[in-house]
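Per-chain numbering from 1; labels A, B, C, D, E and F assigned in written order.
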Amino acid sequence: MRPSERSPDTLRAVTLETGVNRYAEGSCLVSFGHTKVLVTASLEEGVPGFLRGRGEGWVTAEYGMLPRATHTRGRREAAQGKQSGRTQEIQRLIGRSLRAVVDLKALGERQISIDCDVIQADGGTRTASITGAWVALRQATRYMLEEGLITKDPILDQVAAVSCGVFSGTPVLDLDYEEDSTAEADSNFVLTGKGDIVEIQATGEKRGFSEAEFEALFSLARKGIRELCELQRAAAR
Amino acid sequence: MRPSERSPDTLRAVTLETGVNRYAEGSCLVSFGHTKVLVTASLEEGVPGFLRGRGEGWVTAEYGMLPRATHTRGRREAAQGKQSGRTQEIQRLIGRSLRAVVDLKALGERQISIDCDVIQADGGTRTASITGAWVALRQATRYMLEEGLITKDPILDQVAAVSCGVFSGTPVLDLDYEEDSTAEADSNFVLTGKGDIVEIQATGEKRGFSEAEFEALFSLARKGIRELCELQRAAAR
Amino acid sequence: MRPSERSPDTLRAVTLETGVNRYAEGSCLVSFGHTKVLVTASLEEGVPGFLRGRGEGWVTAEYGMLPRATHTRGRREAAQGKQSGRTQEIQRLIGRSLRAVVDLKALGERQISIDCDVIQADGGTRTASITGAWVALRQATRYMLEEGLITKDPILDQVAAVSCGVFSGTPVLDLDYEEDSTAEADSNFVLTGKGDIVEIQATGEKRGFSEAEFEALFSLARKGIRELCELQRAAAR
Amino acid sequence: MRPSERSPDTLRAVTLETGVNRYAEGSCLVSFGHTKVLVTASLEEGVPGFLRGRGEGWVTAEYGMLPRATHTRGRREAAQGKQSGRTQEIQRLIGRSLRAVVDLKALGERQISIDCDVIQADGGTRTASITGAWVALRQATRYMLEEGLITKDPILDQVAAVSCGVFSGTPVLDLDYEEDSTAEADSNFVLTGKGDIVEIQATGEKRGFSEAEFEALFSLARKGIRELCELQRAAAR
Amino acid sequence: MRPSERSPDTLRAVTLETGVNRYAEGSCLVSFGHTKVLVTASLEEGVPGFLRGRGEGWVTAEYGMLPRATHTRGRREAAQGKQSGRTQEIQRLIGRSLRAVVDLKALGERQISIDCDVIQADGGTRTASITGAWVALRQATRYMLEEGLITKDPILDQVAAVSCGVFSGTPVLDLDYEEDSTAEADSNFVLTGKGDIVEIQATGEKRGFSEAEFEALFSLARKGIRELCELQRAAAR
Amino acid sequence: MRPSERSPDTLRAVTLETGVNRYAEGSCLVSFGHTKVLVTASLEEGVPGFLRGRGEGWVTAEYGMLPRATHTRGRREAAQGKQSGRTQEIQRLIGRSLRAVVDLKALGERQISIDCDVIQADGGTRTASITGAWVALRQATRYMLEEGLITKDPILDQVAAVSCGVFSGTPVLDLDYEEDSTAEADSNFVLTGKGDIVEIQATGEKRGFSEAEFEALFSLARKGIRELCELQRAAAR
């Protein structure tokens, strides 16, 4: 039995609220249960140095957690003077996931910066971030089309993410913090709308786990991401 | 005429929403018009080194701005590896303002950390932060009383803050960003519920300004802070 | 009774010695009693990025304290790898205060960097810095006029600063360290030669304080700054 | 055809040379073709703060690349003042992978620090690091047993890693740099001696990729890791 | 002919003024011509971690240069966030030089921190620092004896330093900046009162130089340091 | 008697192995007994800012030590976020030593970056680095000549280095760690092939030392460096 009383293949209540920032070209407040992430997509002219002059754009992401997003207050990264390894790992994942479904040439020499700030954390902040980020990105590219900055839609497909894990011996979908902290295996799946793999990260937390377990997690992820993609389409309409 | 069409002595719409974070001992989402700051108050056992063994507590504050809180995206301080001078100045002001109305001995050897994170900025983020922080602090000390951690209320009075400035030659209350960026003089007043001065910061932005102008600003601030104190009492009830 | 036996409205012995650095375009060793600050004004071609191409100049300031300027040795900021919030707050104040009396267009695309290094500290280092900085700045602009770099004097007025506070219940002028560390209220006033307000910072250290107290402090400051302006004129002659 | 003329399921020449550092409790110079990583295992008394007093040990890893390990010289991280996100991601992966096969209680309150320094890089530095690290760790725990510091072998199983990718449409084993930089999909598998999954990281570099492709990669990885485990056993004998 | 018209074996005018800081246990303003360094010696209870519990003391030094000590303004190290390699090299040299003439056991578990801050630089700042530091240190240990903190004088001998170089083919004593910047060879000698070698650093700036040249430099240094030691004795009386 | 049983004027076994890195324009693995340093020379187009436009090149060096190069593991400088003073001192010495024998104009506007990474340390890492660096540099300039990038050999002479010290009262050549840690005097000599002085650093570790001792050290160094120069010529052939 899951602590939340969800059945193994059930997502938490997911909401994707758009238009939550009056300045950003795209924005989305995404909730996976008690996990809440505020995502903005900011359009900036120009690209990083390594891309200059190639006529291509870039999509990048930054991730942060408010100090009291968690049960006990964490140290503010700006005060510590550096981003943790975990933060960097997550923001690299978000950026990579989005770029897999964007035609960078269609952006022109512009960058879209995605900021994912975790307001409240209850597990799954990186998968919520990716899922919400696609909605914010969708809005930003729509803005670009409407303003006539570009003529071709750079978004090639949807992308969404969910975590799965083996909790008390059972493969379950969309771990919350309580499950995540004791799970035997933990995984994050990032899939496109068509079902292609963008990223898989699977970790045996206390022990290795079997290929059969891995396949059960993958199958749960497919189901969850199908549902998330539907919610994205509704939100981005 | 103010860009917002407010009369010179009118605050923006101010809201103070409590209970916005399920983990923090106190929390408040404060809005001064389009300026929105999420404030949490976190109770921590122990005090900083310089106070250890004195039987006294401490109240401190940290301040941050989400990168796209502003019209154009700013750099994330955690990514830059340091907090700007402006950030440090503001968080020192917030901490000082709150400590002026707290009986630190009554806290015991505990620290309350106030986090003020600006979700959206349209001028007056430091005054909104102080005003909302008092509400979050109020909730945290009530929690301490209810849990039996302390027996005496450490809050001695209210404290609230507002900015005033000389805009197009006229003293006005509660500057928004458009006013702030062209004001001839800019000031922040922090007053207690009783009307005592906790902090005054007044700056001639382009020129010095006269004592008569200063007095007009002070008088507007008194009016605004009286109204803010009423809203605080309602929110903290 | 003040520890220094000064009457409430008496400044410490103030001296402003110019020409103390053989390389700087302007320099001043300012003493407010035992507080000694070495100020240099350095002329540099070019302006910071945000001003480039506008045909305007800039005046900026940096502040530092030698490790043993104080009763007990403090840590060297260069060794710690960052400037404290206090240091940044003070150097921002000095720069702002000077810019209020400078016609930046008249400087051309040049920067004057003011360095205020505290050799010995006994309270009032920021007000001594501002008062001495004006003298060093005055020398640097005179150098520019004499060298024919500019034809119009960019200095619009004098600017000087003094602290006042409520010590043992009495408003007093120009706090020394012993007074400052126990004062109930502490304030810094920065006024122009004409008496206009450039900056006011007033803080209730242990309690809020009343408007009547504030007015007494302001009136002491006016008197002190009138005397400082006279000394500046004598030094800059 | 692979640039190296290897068949799709062939590892590069792999060597694991032990005893390459006269001070370290364990050491291994691992080569996967032209990729060479010097690994040391250092035994230290005590554990990090978060584990103190629990009677458990810890295994952690650090990773670095010599500036000219690569085709063009990269900047030295120590000179830049921070480790890149990539470096932190890799060192976290190495530590996690090793801990999955170590009985931390059996270590007592001791830490084994694994240092993986890349002498020459031609793709697959993280998988070579993990594979060599197990050998160095094996030596360090043997040292502990021989010295009588512990009585029970803390190593529960082997762990080794290899990369696989889709190169020019074909799934291939153990990518070198030339393949890696143009692969359509890239993955790292970390498996135990028994074949359990410790970590899977799979990324679609330019596009999503299919589940069938993923399965082909997984199957190549199984084959490669079986061979690596044999080499580990030979080296650690 | 030297630019300063000094003969090859003549020091600049050297002054050693004591008692220049009212808080420090020892202080000395040392001038070698236009080079001026403010040195303080601060007594602190306790020693660095690596010495704790051994009943021994420590002498350490920090060095800094005010931004406009030089012809053109340099960047403030505290603002840059780190000390340059040159700064660290110099402060390590100063500390080492002083410790060579101090009986650390006689200090007890106390540290004397020497701060050398260059007010104005015209070559030879490190040698002036060492020469002045001995005087400040001498005062601090005398203070300790007078206060009864120690009973045995920890100063074993004097130590002083001077630079020599080959300028336009001629070996000369005590280089000023103009000579230093074009010298073919540059050297710093640190000798004890008895004439023993504490430190020699000799560098061929543009070319190697001969042993005969080195011996000429050494001999000049002996002469200069004999004179400096006399001035130290007079100052420390 | 030396712990290694060497006679006072005997070098450790020295080897200089070239071609140890397949990407670098020059490379050398240098061993002085158990001290092993991997040196690479990397050719880069362009020069640092302060040299731009002068038609001259630059040679610079960086130095690092692997964490377990030493008896007990040291902290990784990249993880600490800064290079120690010792590291900076050594890398400045290496760069200076090499530049003394290079005709920078003959390089054109190109930089050669020398990386010296200590794989295993047993005393004398800086002298081994310099000695090996000359060999790597020699290879890099030969590459430039062969590729037709330059037409004139920029190497003016050889340069090599060795340490000497007073150990148990006896002057000895090429200190190993055991000797170095207890030596009464320690010195590093950097001489050209012709025998000119490039750099001398001599330090009395516990006491000053006499000129006679210094001369004995110098004479040992001459002998050692003559032998090192022969080995360099053999290696660079």
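Annotations
Note that in this section a residue touches a chain if its C-beta (ideal position, glycine included) is under 8 Å from a C-beta of that chain, and two chains touch if they have at least 3 such contacts.
Computed from a predicted model, the values in this text were never measured in an experiment.
Counting steps between touching chains, the shortest path from chain A to chain C takes 2. Residue-numbered contact pairs of A-D overlap by over half with those of B-C, the repeat interface among A-B, B-C or C-E.
Centroids of chain D and chain F (each the mean of its C-alpha atoms) stand 33 Å apart.
Averaging C-alpha coordinates per chain places the centre of chain B 58 Å away from that of chain F. For the pair chain B and chain D, the distance between mean C-alpha positions equals 50 Å.
Listed for chain D are residues 81-82, each touching two or more other chains.
The touch graph of these protein chains is a ring, one cycle where each chain has exactly two neighbours.
All chains form one closed ring of contacts, and listing them from chain B in the direction of chain C gives B, C, E, F, D, A.
Residues of chain F touching chain E in their complex: 82, 85-86, 88-89, 91-92, 96, 100-101, 157, 185, 187, 191-192, 194-204, 206-211, 213-214, 218. The touching residues of chain B, when paired with chain A in their complex, are 21-24, 27, 34, 38, 40, 42, 44, 62, 64, 66-73, 76-83, 87, 113, 115, 117, 119-120.
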